[in-house]
Each structure stands twice: as structure tokens, then as C-alpha cells.
Amino acid sequence: MTATAKKRSVKSGLPPGSLIHVGEDKKSTVKIRILSFNGEYVHEDDRTEVGECLPPEHGKVITWLGVGGVHRARVLEDIGGLFHLHPLLLEDVMNTEQRPKFEDYGDYIFIVLKYLALNGSKPGKAISTEQVSLVLGPDYVITFEEGTGDIFGQVRERIKNDKGRIRKMDADYLLYTFIDTVVDNYFTVMEGLGERVEAVEDALVAGVKEATLRSIHDLKREMIFLRRSIWPLREVVGSLERGETRLVSDRISVYLRDLYDHVVQVMDSVEAYRDMLSGMLDIYLSRVSNKLNEVMKVLTIIATIFIPLTFIAGVYGMNFAYMPELKYPWGYPAVLLLMGAVTSFMLFYFKRKKWF
Amino acid sequence: MTATAKKRSVKSGLPPGSLIHVGEDKKSTVKIRILSFNGEYVHEDDRTEVGECLPPEHGKVITWLGVGGVHRARVLEDIGGLFHLHPLLLEDVMNTEQRPKFEDYGDYIFIVLKYLALNGSKPGKAISTEQVSLVLGPDYVITFEEGTGDIFGQVRERIKNDKGRIRKMDADYLLYTFIDTVVDNYFTVMEGLGERVEAVEDALVAGVKEATLRSIHDLKREMIFLRRSIWPLREVVGSLERGETRLVSDRISVYLRDLYDHVVQVMDSVEAYRDMLSGMLDIYLSRVSNKLNEVMKVLTIIATIFIPLTFIAGVYGMNFAYMPELKYPWGYPAVLLLMGAVTSFMLFYFKRKKWF
Amino acid sequence: MTATAKKRSVKSGLPPGSLIHVGEDKKSTVKIRILSFNGEYVHEDDRTEVGECLPPEHGKVITWLGVGGVHRARVLEDIGGLFHLHPLLLEDVMNTEQRPKFEDYGDYIFIVLKYLALNGSKPGKAISTEQVSLVLGPDYVITFEEGTGDIFGQVRERIKNDKGRIRKMDADYLLYTFIDTVVDNYFTVMEGLGERVEAVEDALVAGVKEATLRSIHDLKREMIFLRRSIWPLREVVGSLERGETRLVSDRISVYLRDLYDHVVQVMDSVEAYRDMLSGMLDIYLSRVSNKLNEVMKVLTIIATIFIPLTFIAGVYGMNFAYMPELKYPWGYPAVLLLMGAVTSFMLFYFKRKKWF
Amino acid sequence: MTATAKKRSVKSGLPPGSLIHVGEDKKSTVKIRILSFNGEYVHEDDRTEVGECLPPEHGKVITWLGVGGVHRARVLEDIGGLFHLHPLLLEDVMNTEQRPKFEDYGDYIFIVLKYLALNGSKPGKAISTEQVSLVLGPDYVITFEEGTGDIFGQVRERIKNDKGRIRKMDADYLLYTFIDTVVDNYFTVMEGLGERVEAVEDALVAGVKEATLRSIHDLKREMIFLRRSIWPLREVVGSLERGETRLVSDRISVYLRDLYDHVVQVMDSVEAYRDMLSGMLDIYLSRVSNKLNEVMKVLTIIATIFIPLTFIAGVYGMNFAYMPELKYPWGYPAVLLLMGAVTSFMLFYFKRKKWF
Amino acid sequence: MTATAKKRSVKSGLPPGSLIHVGEDKKSTVKIRILSFNGEYVHEDDRTEVGECLPPEHGKVITWLGVGGVHRARVLEDIGGLFHLHPLLLEDVMNTEQRPKFEDYGDYIFIVLKYLALNGSKPGKAISTEQVSLVLGPDYVITFEEGTGDIFGQVRERIKNDKGRIRKMDADYLLYTFIDTVVDNYFTVMEGLGERVEAVEDALVAGVKEATLRSIHDLKREMIFLRRSIWPLREVVGSLERGETRLVSDRISVYLRDLYDHVVQVMDSVEAYRDMLSGMLDIYLSRVSNKLNEVMKVLTIIATIFIPLTFIAGVYGMNFAYMPELKYPWGYPAVLLLMGAVTSFMLFYFKRKKWF
């Protein structure tokens, strides 16, 4: 949450349904792309206002209204008016701090998703999020993206080029395609994170650095963040699959089940990486403590050998008038021998204690 | 629990339904505000006694009886008598150590909420709580606040100025508005706490101080406290949303679902902050142990280099009569060279061990 | 479990339903108090045998048979015969190591509770437990207490003095009153424990003593013990509230719901104290490690400054014949200056490392 | 798992239902005890083969076939043929690494239990396990024990001497008696373990020894092992109690409920001991770290006092020609005074830091 | 995930049902083995193309189509065309990063399993995984293996030699046999891991080496990995056992229940090993800290004894002109006595503190 992002608290005290944008200002213009198609026909129309946008009827036609940018209340109100959307739905579209969710409004269903992207190597901010809201009506799908990055560009190409079965299917299949695009992207993000986890693991094997610890913690936080995004997504896809709404036909339930499996698989990877990171943290910590032990052992060995020797030298450095040993010719070699004996004993003792 | 707060144990041994105030004495007078309205009509009436308070009938009228202060048993008994409220309900209103809860008494429903406020920078006491009890009857809502801070002042203004749809809706919408006000306030509290969490994170990056540890623990405790307040709230809103009572019409269920989402969102933030704080705690602790390691390494390097050198100096400080080395002219430079060699070897050894 | 308590294993190998007392011998005589009452009538009768104890019929009469002491098999058998109680029920009454439980025998229901009391300041034994067994029949309640402390004395007074609605209600309300008395007592125990927790917290702020650690662990153990007693109690009250038995009428379900809330509230306090104690443990441990760090730093600073200095002094304490420095008049002040320089460098280094 | 025990992997690749013994060879002969009885009649018959074992009909007769030793496939096949038991059931009887389980085969039910025994003081192997399999048919119970220790000897005596109601009841009561015997034995095992836990606690108070740590870990492992044995047992008894099979009549459901309570009570003890052991582990560890602290403090105090003093002595041990202090008559006492002053300052500093 | 393995992200942006192999390239040719049989008849046919593969009808015949290698899209498409399999199913077969799962497509059911194998002693890679996909139709089973290791070779032998009841049963029993083979193999893997756990335990008793820590962490990770593979397997077998599909008859439900027990038993072993490994980790860590304590004690004892002695020697090494003690004949022996006294006092102090 940067300082420039509008906070949720600006809405405190306002009546429900007030259209106020909450979140970062991703861009300043709104881009609207309208694509109408059926088996034989495709029509595309780009604009910045909604106006009288619905295309003429050519038999049955599926309309996809793609909105890029959700910060203009007036544009949303126009769309809301045209499709008779509930004010609370529009409020949710503008508030980009939503969790993934599924809501059935009877005539249309509303889905909020989080599109993830992997950033560069900025530490602690590996994943950026863009909120994607979807509305499915009987023969239309509206997609609201926070930015104008055109997340669903590939879907548009597939429709225009009539690839796959997308032109032969209904609006619910189009909705499925959008969710599938978002979920497929999660695999890409997971693989990117996986590479980072492995890089950190290699760094851990190479040596104990505090930067490694920081990276482990950062990645762990990303995993917690991911899990928080994916858990509710599972419920969303599960609700669709269980056929809780009449807008989604049985025909696509096999696709939704497949999608559900994908979500569970992503979740599984997240859990696997979390476990790996926990293990790496344990290894890091026990290595730090091993290192401390090693340092202490060196200190102890050196000190324990030399402190008694220094004492012996100190004794014969005393200036007493009557110290008979000092006079004997063999005094000096005898003391050196004594020192050697003490050292040998110490080394033997440390050896037996397996200190080195 | 301060020493001046009346404790729950004063009620031990009394028959159930005894009206005794449990909690801090927030103020000494009770303030009663009565607001009656429908689409065309608004009437406001402030007093300190209930008396013959119900306004005359102007067709259908919604009455909001706002009570500030719950420590006077007689006032509560009067209200209880007027609206035929159950003695156990009144007991719960006076006992301000309740958890958020929802109770259906058939003719009216009873809801207990916790209104939170963020205090100044007093450590360990970041959040203060005020109990708000709500009673919803067929055409009235009674709100009981612990203090006279007038939590619902903005709602009163909206009614008087006919803003939003509040004047056109029934008592259940009014109830929803009150709960929504309380929940909206949670976002403000969460943002305040979020800023503190970030401040602590910055302090953690700056250095390892025990005050930081204290702050982390304090914030963690606040999060646990918050979670404890919000979990039952979720159940309360969930019960309302599932339409378990006939006093709440289907018309407002979309608002309640929205409210439920908000509660879940707050919960989510609490969990996110808890995870962040746990991570920060781990970082703090591993930093402390890193610091210890560093200190130990410095000690070991210094001691391991100089203790053998001091021993060598000690040997040649001995006063034996027959120490031939002492007589040689090159004895002193030879010993200095020996010391230099020992030092070099040590430094090389530490280098290889990657101690610096 | 003290050595004098009879252990559960004495029953191993005996047929089920064998009446053998398991637990501490709390007292040696059994006291039986019989109270019969309805709206107009009260009769009290104290004895040590059951005999022909049922009072004459005055219209409809509620009988409360209070038994103090459960170690005499014959007394229990007499009561069992009179009220046609199942042998397994009597076995459970005598075995005072039961968990709180609810059992429906059709003609009567059987409830086991744990009455808690806070002992003096004996460490590790803060809470003592007394098992209370309740049997509810159509127009009687039997209470079995382990001791003769007369836990329900206040209820007896309320009945005799006709306070509250107890004389106007049925046997199920009497049962509720007993459970309520036990649960109310939990609040007193919790407050006592809360004071101890706060005392330990103050001790923790004052300094790190091993006694504090011991106290934290003792209190934690008490909390675990409490939780274990209260969890099943929640189920017991929940079973009653859900109206799983026809002996409990709908009339008192609002009281049982209130009771359920109280149990949940106690549970909540236990959890809150557990979290507090966990936090205190963490603070204690990190303080211990902070203290170690501080000690190590002092050692390191002193040693790192003086060990090199001592070495320098040692060098000029050597007795070589040819050490030109020793002859120079400025030799001694030069060495003192060198020592000062080394010290300054060290202090500067430690300052930069923020060791003090 | 000792090396002599046959491992589960010997069965890999064989068709299901292959009768191969898995587990330790507890003995080499199989002992079969047949007891037929009703209210008036008892007949006992011991043998090592099954043969034509069913006794003649004397009106209605309950038959208990007790088999000691499950390693002979042929004996099990004979019994399986006589009672029409499923091959998979016999396979489970021979595989003594089963978890406790309940299986309903329609005409008979199959129960696997674990009989526990407390060994001598061998560390890490406190509990030995014997698998007991029970088959309940309409008028017979078959018990399979791994060894010939005659676990159910007391039940046999009770039947022969007509003690309790066992002769008057049906086969389901006999089954209950067997399970009750196994569960009752758990209390004995728990008490034995409890004594060990207390012994370890006493050792912990006496001092910090590594053997204590080992004992705590061993006991913890036993508790985890016990919990693993008892959890599925709870399900077994729960399935019986819920009357999921028509072979168990309602008449004994009160006994099964009692049994269920006992299992829960054992589980509760296991959890309580686990918590105690965790607490003891924490105390052990913090004591170890306290001890380290104390040792470090002594080292630091001694070193910090004497290292500067030694330095001062070293300075005046230098052999410079021009050290004026050495000539002054008060030089020596002045240095001694200086040393005293340094010592006093250090002691004062440590006192203020509360190091002793 | 090695660098040569194709990653899941290659599929991002493609329409659902695109057949692209994800995973390691295990081999380059595909091997197809067709086995048709009933009670009287067996026919085997090996090839690398599917072609017109279905054998002529000899009354009712069960066909097992075993496919080794899943990386060729064309082969899978041929099989999919022949058996009318859904494209998403084929996509799942080719994507070898699936979790174990069960899917009911109406006319056939689809099961994904993980076949495990224990590798040599390569650390951190103890278990290798091969994905096995099974399709059960009314009278056929298709098995897809990643490699051509012929996992189900023993089943083929059993069919050809008419061992067990496999030739007399339907396709569902064949499916059960395949799953049973995979699960039986888990026991072999668990025993291998168990031996490694015991080896590590022995190493732990022998001494504290960092390699042991590494092994514990590696084994722990394997256990987490195993648990992740087995949890969904439990659901798969559970779904089959509960008879959720009409393709599986009641006749084999007793076998499936047995299989379910086996899966639970494997899970139980995994949990038991995880607990053991956690305990071993705790022991390792406390041993490391014990060792540090011991090292510190030796250092402290040596330093604390000799540092004061060295100081005394240093004092009498000072060169003051006026040090009367130096002149006395008993000065030297007196100092030696003093040193002896200091040493004795120290030793006595350490003894009392129980440091050795």
C-alpha cells in the first residue's frame, strides 16, 4: 500500500453503493473494447465512452465488453445503467482491494479475480496484482481490468481467428476462457517463484549470509500472499462447477472441473514451496548455530592451550630475589618441556572430546 | 481490565436476569435520542428519561431510539417495559464484556457489536472497545452505546438530510446501516494499525532494539484481540444474511452479503498483519543471534591472534639465568618475525574459514 | 493425582457397573439434604441415610435431593433403587475422574460437571476440582457433590426465601440454576487467574528471573487444564439448549442460550490468557538471549581492548639484550601513546558497529 | 520393527486375499479354546486344531472361539471355512500391522484392536502391542490373539463362575466385554506412563541432565504412538454405539456409550501428558540456556576484572630504561591502589547491571 | 524439476484440450501392449501403433490396453478416437504433473495415480515418481505409464497363468488390481525409507554431525512429498469405494475397502515417520546446544582459574624499585601458596555449581 493509493477509509460514513475508487491509480484514461461474435460473425469496436454501444442483432450474438481502467465513476455508471447492474457490484469493481469472490445476482453473476504478475528482482515485492472483475449475463460478458495491459489479448485473437471452439460456444464458455487465462498465468508466476526458491537454496548451500535469510522470509511472505489469493479462487471456481447458477450450463462443467484441478494444483505448489522454505529456514538457523559452535571451539582450544602456558611464563617472569629454578642451567629447557607436556595433554583431551 | 471496572464476579450467586452493570464506568448520565421518520416525515427528540416517548402515528413510521450509557438499571428497565424486552437481553446490554452475538427473540432480534477506536500511542493499549447493542423490532431499532460519543451521528445526519435511500427503506435497512457503520470503522482501525506495523518494520530494518521487539509483541496481541472480536461478528452478519429471521427482508440481503464480504476482508487483513508480524519476529530473533555471532567472531579473532603472541612475549620475559636466545643480537627481531608469522597464519586461517 | 487417591486401574477386570469409588477421599460421612417445594410450599430435611425420604404429595412438588459425598456405595445404591437409576450412572457418579458430560437415559438425564476453586498460592496447583453430578427427572433433581462444601447453598437460600422466579418454575429451571451456579463460579476463578497472569507480567517487566518462567509455565498448564474442563461443558450446555431431551422445556431455552454464551465467554478468556502467556514466554526467552548478548558484548569489548595492550606491554617486558627501543628516553611515552591509539581505534570501531 | 519380523513388502505382487503372516513371530503353536454357554450351561474345550469343533445345540448357546496365535495359515483357513469368513478378513487377522478398525460384512462384523502392555524400564520401548481381532456373528464371537497370553482369562472366569450379567446376555454383550477388557487395560498403561512422566518431572527439578531430555522425548513418542492407536479405536466404538449394525442390539447401547466415554477419557489423559511433556521440554531447554548464561556471566566477570589488572601489571613489567614511576617509593602501593579502584568500579558496574 | 523437463507454462495462452506433453522426457518410443481375456481365452498383442487394434469378439472379453510412454500426441489422439475419450482427459494424461485424481465421465472413469520408486542413495532425491493414468470403460481398462518399465508386469503374468480370481472377474476388478499394485508398492517404498530413518537415528546416537541434520531434513521433505501424493489418493479410493460410479459393481467393494485401509495405513506410517523425524531434529538441536554449553564450561573453567593466577604472576613481574615482598626469601613460596589457594577455591566453587 503506497502513500498515493486511495485508502478504504475514505468511504467510511458514506451510504452503501457510493462509487469511489479505492486503490492505486494505475492509469488515467479508460479504454473500452466491444467484441460481438457468433459462429459466422465478428465485430470489433474500440472507444472511450460507452454511449449507444450495443451492436445490432445478427441472430444470436455474444457480446464481450472489455473495460480497461476502473477509476472513472461515470463510465461505470453508464455501463451499470445499460446492463442494469446493482450499485454494490459497481462499488466492488471500483474498490480494488477485494478478495476473489463469486456473487449470483439472479440475472447475472459477478466474479472478482486477481491477475498476478511477477515483477523484476525488487526484494519483497515479487508479485504485483491486478483486479479483474467479470460479469456474466445471458449473452454477454463484461470484463473490468484495473490497467489497460489487455490481459485477455490472446482470447481476442482466438475469437477473431476462430481458433478452438470459442466461437461455437455460449457466453459461459467465454467466461470460463477468461478465468482459465488468469489461472494459467498463475503457473507462470509459480514457475518464476520456483526458480527464485531454487536460487535461494543454492545460495544457502554456498554459505550463511543474512541476505539469504531475508530472501527466504520474502519468498515465504509471497507464498502466504499467494495462498490468500488462491484460497477464495478455489471457492469461486467450485461454486461455478457445482452449477449453482443457471447461467452456466452443464455443457462446460467438464471444463470447469479441469479448471478446478488447475487451481488445486497451483495451491499444491504453493504449499510445497512453503514447506521447502520452512525447511530452508531451519537449515539456515541450525547452520548459524553450528558456525557459532565452531567459532567458540576455536576460541576455546586456543585460549585453553595458551592461557596456562602464559601463566607458567608469567611465574618465571616474577622478580623474586629467591627463585632457585631461575639459577639452574636446565631451568629454561625444563619449563619449555613442561609447556610442551601441558599442550600435548590439552590436545589429547580435545581429541578425545572430538572437538576437532 | 482496570481496577475501577466492575468485574463479572459481582454477579455470582444472583438470580439470572439481575440488572447489574459490568465494565468500566464510561460516563455518569444517560442520553436518549429518539428519531422517528418515514419518507415524508422526520421528528427528533432528545431527553434523559424515556417516559411516554413513542411519537404519534403518521402512517407508518420508523423509530430509532438511541441510548447513550448503559449503567443505569432503571432507564433500561423503563425501555425494557416499553418494548417488552426480555430481562436477559437487558442484562446482556449492561454487561459490557459480551462477545459479538446475534439472538432471535421472535418479536425482535438482539445484536451485540464491538465498536473499536484507535488510541494514541500508548503502548499495549492501541485499541479501545465500546459495546454497541442493537434491538430490531418490526418498526423500530434501539441502539445502546456504552458512552455518549454518538457513534451513529453520521447516520442521523443522513436521515435528517434524506441522503441515500435510508428514508425509503424499513427498519431492517436502518439496522444494516448501523452494523455497516461499525464495520466501516474497522477499516479505519486496520489502516491505523497497518501504519504502525510498517513503522515497526522500518525500525526493524534500522537496527535491533528491544523496544522493537516489544512493539511487535504488542501489535501481535492487538491482532489476536481483533481476531477475537471479528470472528463472532462474522457469524452475526452471516446469520442475518442467511435470512434466519423474518424481521429481515430479502430486499436487503444483497447489502448484508456486501457487509459479510467486508467483515471477511477485515479478517483477511488481520491475518495478513499477523503473518507479517510473525515474520518480523523471526527476523528480529535471527538478527539478534547474528549479532551475537558477529560479536563472538570479533572476540575470537582478537583473542586467538593475541593470546599466542602474548605467550611468546611471556616466554622471553622469563628471568632464567641461562636463556641463550636473549643474548643473540638477532633474538629480538627473530621473535618479532615469529610473531608476524603467527599472525599471518591466523589471518589466513580465518580468511579461509570466511570469518571476515 | 496424589498417592492416596484411588486409581482407575482398581476397576480393571471387574464387570461393568461395579460401584467402586475412584478419586481422592474428600471426606468420610455422607450428608443428604432434601428440599421439596412448589409455589406455596417449602420443606427441608437433612439426614445421612436415604430411607423413606420422599415427602408427601402437596399437589405438584419439586424435590431436590442434595448428596454430599460419593464414596459410599450403599448410599448410592439406595438412591439408585429409589429413583430407578442405571448402575452405570451410579458408577460414573462414584468415579470422580469423569469429563463433563451429558447423557439421556430416557426417563431422566444425567450431567457431570466440574466445580472449580482457586487455591492459595501453592505453585502448580492453582485450581482444585470437585465433581458435581446432576440427575434431572420429571419432578426432581439429584445433585451429587464430592465434598460437603455445599456448593449450592445460595440456591437453597433463594428457594427458601422465594427470591427470583425459582419457586414458580419446574425442575428443569432448577437444573439450569445449578449449572449456572457452577459456570458463574468459573468467572470468579478466571478473574483470580487473571490477577496472577498480570502479577507475572509485572514480574516479567521488572526483570528476568527463573521463578517467572516457572510461573508462566504453571499458569499455562492451568489454562490447558481449564480448557480441557470447559470444552466438554460447552457440548453439555449445547445439548441441553438444542432441546435434545423432552425433560427440558422450551420455556427455559432462552436461559440455556444465555448460559451457553457464558461458557463461550469463559472459553474466550482462557484462550486470551493462553495467548498472553505465550507472548510472555516469548518475551522472557528473547530477554534471556538479549541479556546473554549484552554480557558477551561487555566481555568482548574489555577483552578486545586489553588483550592487544597486554601483548604490547609483554613485548617490552621481554629480556632480550638488544632491544634498542628500551634505551630511548621517549620509548616509554611512545608505547603509552601507541596503547592509547589502539584503544581509541577499538572504541571507534565498536561505536561504528553500535555495540554501545 | 525388528529384523526378524516379517515385513509387509513380502506381499507385494501377490493376489489380494493371500494368507501370509506379517509381523513378529510371537510363538510357534496355536492354542484354541472353545467356550459354549447360556444361562444354565457351560462347556469348555481346549485344542490345537479346529476340526469338528462346534458343540451340540442345547437350546440357544453362545459360542466363544478363542484363538491364540495367528501365524498358521491353515488353522485360519479351517476357521474361515467353518464360519464362512471372507479371505480378506483372514488376511487382516494375519497381518498384525493393522490399525484398529471396524468392518461390517453383513452376516458378521470384524473388529481389530490393539492390546497394550507396559514393558520394564527399557528406554524407547515402553509399550508393547498385541493385535486382537474380534468377529461377532449372530451367536458366536471369535477372538484372535497374536500370543497365547490369554488376555481374556478374566472374562472366561466370569463366564464359568456366572459373575455379573454375562451369562444372561447375548453375543454382542460378550463382544462388548472383550473390548471393555482391552480399554480397561489402557487405564493401567496410562497410569504406568503417568508415573514415568512424574519421575521425569522430578528429575527435571533436580537438575539438567541429557538423560532427562532423552526420557522426555521417549515419553513424547510413546504418547504420539498411543494417540495413533486410540484415535481409530474411538471410531470403532463410535460405530458400534451408533448402532450401524443389526448384530448389536439397542440393549447394550448404554454399555457402549460408557465404553466410548472411557476411550475419550484415555485420549484425554494422553493429550494431558503430551501437554505436560511439551511444557517439560520447554523448561528443560530454557534451563539449559539459563545455565549457559550463568557460565558466561562468571567468565565475563572474572575476565573483565582481571584482564585490565593484568594489563596494568604488564605495563610496569616493561623494561624501559626511563620509566620514572618505577623509581618512586610510592609507585608500587599506588599501582596496587589503582588496581583496587578498577576492581571496585567493575564490581559496582556488575552490581548495577544485576549480574550477581 | 530439471531444466530439460517441459514446464507447465508452455501451455499458457493455448485453448483448453491442447495436447502438449508437460514433464520430463522419459523415453522416445511408445510401447502398446494389448491383452484380451475372459475365463477361457487369452490373447496378447504388442505394437507401437494403435491401428485397428480391438480383438475379435469371443463372447464377452475384457481388454487391457497398456500404453508405455505418453509424450506422443498422435498416439494418444488415436486411442482417444478409438475409445471416444474427452480431449481434456488426454491433456491430463500428457501433463505428468497431475495430482492423483478421480473423474467420472459417465461412459468411463479416469484415474490418475503416482507410482513411486526408491532411488539409490542420492541425497534429497530419494523418491522418483511416475504418473500412471487409468481409464475404466464397461469392458476395457487403459493404462498409461510415463515410462516403459512395465509396472504391471506381474498382473500380466497372473492373467496369462490364470492365478487368483482375476480371469473370472470384470474390468472393475482389473482396475482394482492395478491400483492395488501401485499401493502395494508404497509399502516397499515406506520400508526403504524406514530403514533410512533408522540409519539416521543410529548416526544421531553416534554423534552430532551436520550431515545428519541434512539427512533429517531430506527425509522430512520426502515425507511431506509422500503425504502430498497419498492424501488425494485416499480420496480417489474413497470415491471408488463409496460406489459413486455405476462402472464399479458392489461385488468388489470389499476389495476397495481393503485397499482404502492400506492407503490409510501408508498415510499412518508417513505420519509416524514425520513425528520421529521431528523428534530427531529436536534431539539434534538440543545436542548441539549441549555441546556448546560443554565447550563454554571448559573455556570458563580454564580461563577463570588461570586469569587470576596470571595476574598475580604479573604483579610480581613488575619492575618497581620498592617492592618489599620481592626481597623476602619466603616471597616466592608464599605466592605459589596463594596461587594454590585461589585454584582450590575456584575448583571448589565450580564443584558446588556442578560444572563438572
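When the chains are written out, they are named A, B, C, D and E in that same order, and each has its own residue count from 1.
Criterion: a residue touches a chain if its C-beta (ideal position, glycine included) is under 8 Å from a C-beta of that chain, and two chains touch if they have at least 3 such contacts.
Since this is a predicted model, take the numbers as computed values, not measurements.
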Inter-centroid spacing, chain E versus chain D (mean Cα positions, whole Å): 26
Chain A and chain C, separation of their C-alpha mean positions in angstrom: 43
Touching two or more other chains - residue numbers and ranges from chain B: 289, 292, 296, 299, 303, 307, 310, 314, 317-319, 323
Chain contact graph, described as a line, ring, star, complete graph or other shape: ring
Ordered ring members, chain A first, chain B second: A, B, C, D, E
Residues on chain A engaged by chain B in the complex (per definition of touch): 1, 7-9, 11-13, 15-17, 86, 88, 91-92, 97-99, 101, 103, 105, 207, 210, 213-214, 217, 220-221, 224-225, 228, 281, 284-285, 288-289, 291-292, 294-296, 298-299, 302-303, 306-307, 309-310, 313-314, 316-319, 323, 325-329, 331-332, 335
Chain D-facing residues of chain E, complex: 154, 158, 163-166, 177, 180-181, 184-185, 187-188, 191, 194, 254-255, 257-258, 261, 264-265, 268, 271-272, 275-276, 279, 282-283, 286-287, 289-290, 292-293, 296-297, 299-300, 303-304, 307-308, 310-311, 314-315, 317-323, 353-355
